[in-house]
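Each structure below is given as structure tokens.
Shared between the two complexes below is chain A, which has chain B as its partner in the first and chain C in the second.
Let's look at the complex of A and B:
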């Protein structure tokens, strides 16, 4: 077992080996999750439902007791800190707004608990309501608000106490697509403006890629990879991450000689010179990296694979084009406005060697 | 049009049952209360306010009404707070035993009130469980009187009415979720503040319904005050009972019953005002 790694020097939130197994479950919901997050940074916990991301968030919040591991926030061990002293703001997926209080009372609740005098509190609440564009709704009852407004109230309430850490549990899941994109930008802007360290759980990769500074991809209770959105997308650590984020083609390959790999029933493909391995591994190519050529010259024959168009579908601005190459079905992309192949037409696919990523394991 | 007619037709059986089993008996009761004295000479006025005059003039009946309300209030103030933690526990429990526990909590309803009242007589009696234990331990040298009185009546009523309270509280906690309490705690509220600011206000509809139900059931109970009171507890129901079965003064019993009904009515009006306040505090 790996020894415990000390926190990074600039880590504000430090999570080590957090583990939780629910009784009667065959595997841990979260298995030794570790990461560090710098102050003012935003990390997305990304994964499909049941991957353990919400359990991990709830353990950090103190709502679920972990079976192992620890959480440190700003150098303080949070192990035995009770909920009301953790200084964490949380937006629940259900928003958990107090139905018996109006908007202003909800937003001011945390400050009231802190013992802030009413006059000062009112000013702080007004400021929060302005920041979240809720100033006209201060006296509204919660049940009289739309989903988007409730979302804002939940955010304003969580931020009003200026928490050390902001936790968001699928905050946008209950909103429609348009609103979700607007709120995404708004949350990000607010988080930056208040310089609050933030952790948010999502199953939406677009949300994670566009909003977060860093992404932790989770599957089956394990953090598969942590990195910047670019890292995760361009340099996935394994087959799972590559398949989960964006669309990708996977081909089994044996290393042949420097710069070349052999794909069974397809032939040789160019790879980066430095790659070297034994046995079968997986080559990954993103659809947009592939060039589709029709009846072109075959000067680059070695590098190109030839196949037939199986399907062509318009996806708004571009076409998705499926090409059967030997036993493999390759996803490619074509810009709208370029010359398009027809179904059954023979095409050549080629892509630069450096766009091929070698992953552990078979596809 | 036809569907509307159908809907109204569907109401008919219930309406008939209500008229036959409730409206007619109440009308008859009212009629009875305006009858002349049992031993008044025949040919006297058909309608007489004699029974009401007797109730209003006799200080004893005022005292009985006060006793009834007082016991009802004390029982309500004990039953609802005692039932609240049980209802909270049942609503929170995720244990596989939850169903069993919930069934156990309301299981007393399966036995008759008479049996349960006798059970309390066994416990509270002069030679009952408590006295024997305290005597055996040497805490007491003489048995104390726990049975036959207001104390015993209240104890038994609280226990008998708790299942009703638990069910009503459980039914009225729809808006209260664990997440709301967690949210309050994360916002800096210590446990007792979470309880006072979130748990209680959101459980209030259930608590209110439970209070109404327990109060009404306790002021209308007959068997328990009769048996546990040992003839020392005088409430409206016991008075009505003795007027119908022993004194055979049915007009008086009718007037007392009308008084009890008026009491119910005013409690329900108060309850509805409070409930409306809860729904719209503004």
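Let's look at the complex of A and C:
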């Protein structure tokens, strides 16, 4: 991706080759990050801590000056726009609510800075407080609020100015699990209702998969793949993405002939890939794509691998079942309520060729 | 020792300690109501005569006004300068920052008598000896270590995300300072001002060296008075000074708590 790609026709946020290297660091925190995002859509920047996702978000906000690349928002180059004129709203991980102001003044801060007259501002603030279910807390001090309430205030403050772009930096990280799921849905509903384009940093793949329209998976400062949640999950671009999102089995695979690969010590397996490759690559199968069968039903024997159950664990609604097949330990899933194998029992595994995926590199 | 006895001994010790600390003030307060024209304890008969004497004594009254004026100006200047210095010391990234930090603390480390001699020799050629301005300058110097410390403490507790949030949501650099940073620092600035006022109001040694007839502060007036006369007026005046000093202390306690203002 060395050459610059022009923005997609419907791109509202257009990011090209954004790069940042902190002094004294051996590699860039963000390395030539590029993506386009349509108006009203929500993109999750997903990655583990230190992958550069927050730095990328802060460069787009204007809080961190990039060393290269550019950001365009609504057709306007943000390069020379001072940060306070970028018309963005942001929810910080720590919420960063102003401790010396009450809830209503926090929410109205952006409008106050814009110079909106007080009467108009009060009406806008009241509407925002209603949307975020904070009507009763308008004159509370910030220190008197719970974590979830602070989260709502931060969201209301970010949205009050009707920003062109909403930035969320791990907004749910400090909430407990139940509240996190409720807030996730609420943020999504509010974002759709206000039709605001949104960028969302998270390390939680469930959050990204369930909330965002698109996901950008980041690792070591590089965007590894951008796509819809289905794309990312079903058709990962590389070994890293496949391993990072969800659980997966990886097998070494050598090219045999179109539609077939050879897995050492296992034999021939049907694959969806028809183009020849050199050397060893990685064959990926998701646990829930694997069918586990017990007993001597050996039709389709060519594709079936026979192994022994190593471990069986209940994970709520379903069982995780580890099966040793030759030198490989395969993760599979079984619905609760079906007939279950016992530890040590012989089982056959098979899966449809189109549920496999061949990735670059060895497992 | 049984628990009851231990509690009693402990309470007794604490009471003794407080009596020891407060005894001079209690004695002064009692003496201030005495009717006899000399200082003696305990008083024979009580009246408010000495207080009336203090209010009628125009030397004391003017000295009190002078002290308050010097204290107010010195405290205000000290807070403004101290706040600016704090921004440099806490936020600045420059060579020799530690040296500057020591420079601002140095007046606290030198004995006042040494400072007084130095100030006298410095202010004399400038024509500021025996003037209000000279005394104000001296008091700004000795109060700066305290104001810098108290404001710096508040500044270092500011979450950088507050200022970032203000900027993202439309505040220019100046507006961030005016709407977020300074309001958050207000309790610290208020406490710093009160401490500076108290130090200036209470200061005697430097005033003795560099203030003359034109700038007699209250401690100086008291000092001069008791060189020639010792009557309960001095005690009454002391009680007034104590009461006046209590007000800033209450303000400090309310804004950032005393322990944070003077301790670590």
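Basically, the second predicted complex is superposed on the first by the 359 of 363 C-alpha atoms of A that agree within 3 Å, B and C clash if a C-alpha of one lies under 4 Å from a C-alpha of the other, contacts with A are read in each partner's own complex, and residues count from 1 in each chain.
Basically, a residue touches a chain if its C-beta (ideal position, glycine included) is under 8 Å from a C-beta of that chain, and two chains touch if they have at least 3 such contacts.
None of these values were measured; they are calculated from a predicted model.
Novice: Assess the superposed three-chain arrangement around chain A: do chain B and chain C clash, or do they fit?
Specialist: Clash.
Novice: Identify the partner contact of A:98: answer first if only chain B is touched, second if only chain C is, both if each is, neither if none is.
Specialist: Both chain B and chain C are touched by A:98.
Novice: Quick check on the superposed pair: does A:157 touch chain B, chain C, both, or neither? Answer first, second, both or neither.
Specialist: Once the two structures are laid over each other on A, A:157 reaches both partners.
Novice: So in the superposed three-chain picture, is A:117 touching just chain B, just chain C, both, or none of them (first/second/both/neither)?
Specialist: It touches nothing on chain B or chain C.
Novice: Between chain B and chain C, whom does A:61 touch in the aligned arrangement: first, second, both, or neither?
Specialist: both
Novice: Given the touch rule stated above, what does A:337 touch, chain B (first), chain C (second), both, or neither?
Specialist: neither
Novice: Just to be sure I read the superposition right, which of the two partners does A:109 touch: chain B = first, chain C = second, or both, or neither?
Specialist: Both partners, chain B and chain C.
Novice: Check whether A:23 is in contact with chain B, with chain C, with both or with neither, and answer first, second, both or neither.
Specialist: After superposition on chain A, A:23 lies in contact with neither partner.
Novice: Enumerate the residues of chain A that count as touching chain B in its complex and touching chain C in the other.
Specialist: In the superposed arrangement, which is not itself an observed complex, chain A uses residues 61-63, 82-86, 88-90, 92, 94, 96-100, 109-110, 113-114, 157, 161 for both chain B and chain C.
Novice: Can you list the residues on chain C that touch chain A in the complex?
Specialist: For chain C paired with chain A, touching residues are 159, 161-162, 164-172, 175, 179-180, 183-184, 186.
Novice: Considering only the defined contacts, which chain A positions touch chain C in the complex?
Specialist: Listed in rising order, the residues of chain A that touch chain C are 61-63, 82-90, 92, 94, 96-100, 109-110, 112-114, 157-158, 161, 167.
Novice: Okay, in this complex, where on chain B does chain A touch?
Specialist: So the residues of chain B touching chain A come out as 175, 177, 179-180, 182-190, 193, 197-198, 201-202, 281-282.
Novice: Given the complex with chain B, which residues does chain A contribute to the contact?
Specialist: My answer: residues 61-63, 82-86, 88-90, 92, 94, 96-100, 109-110, 113-114, 141, 157, 161.
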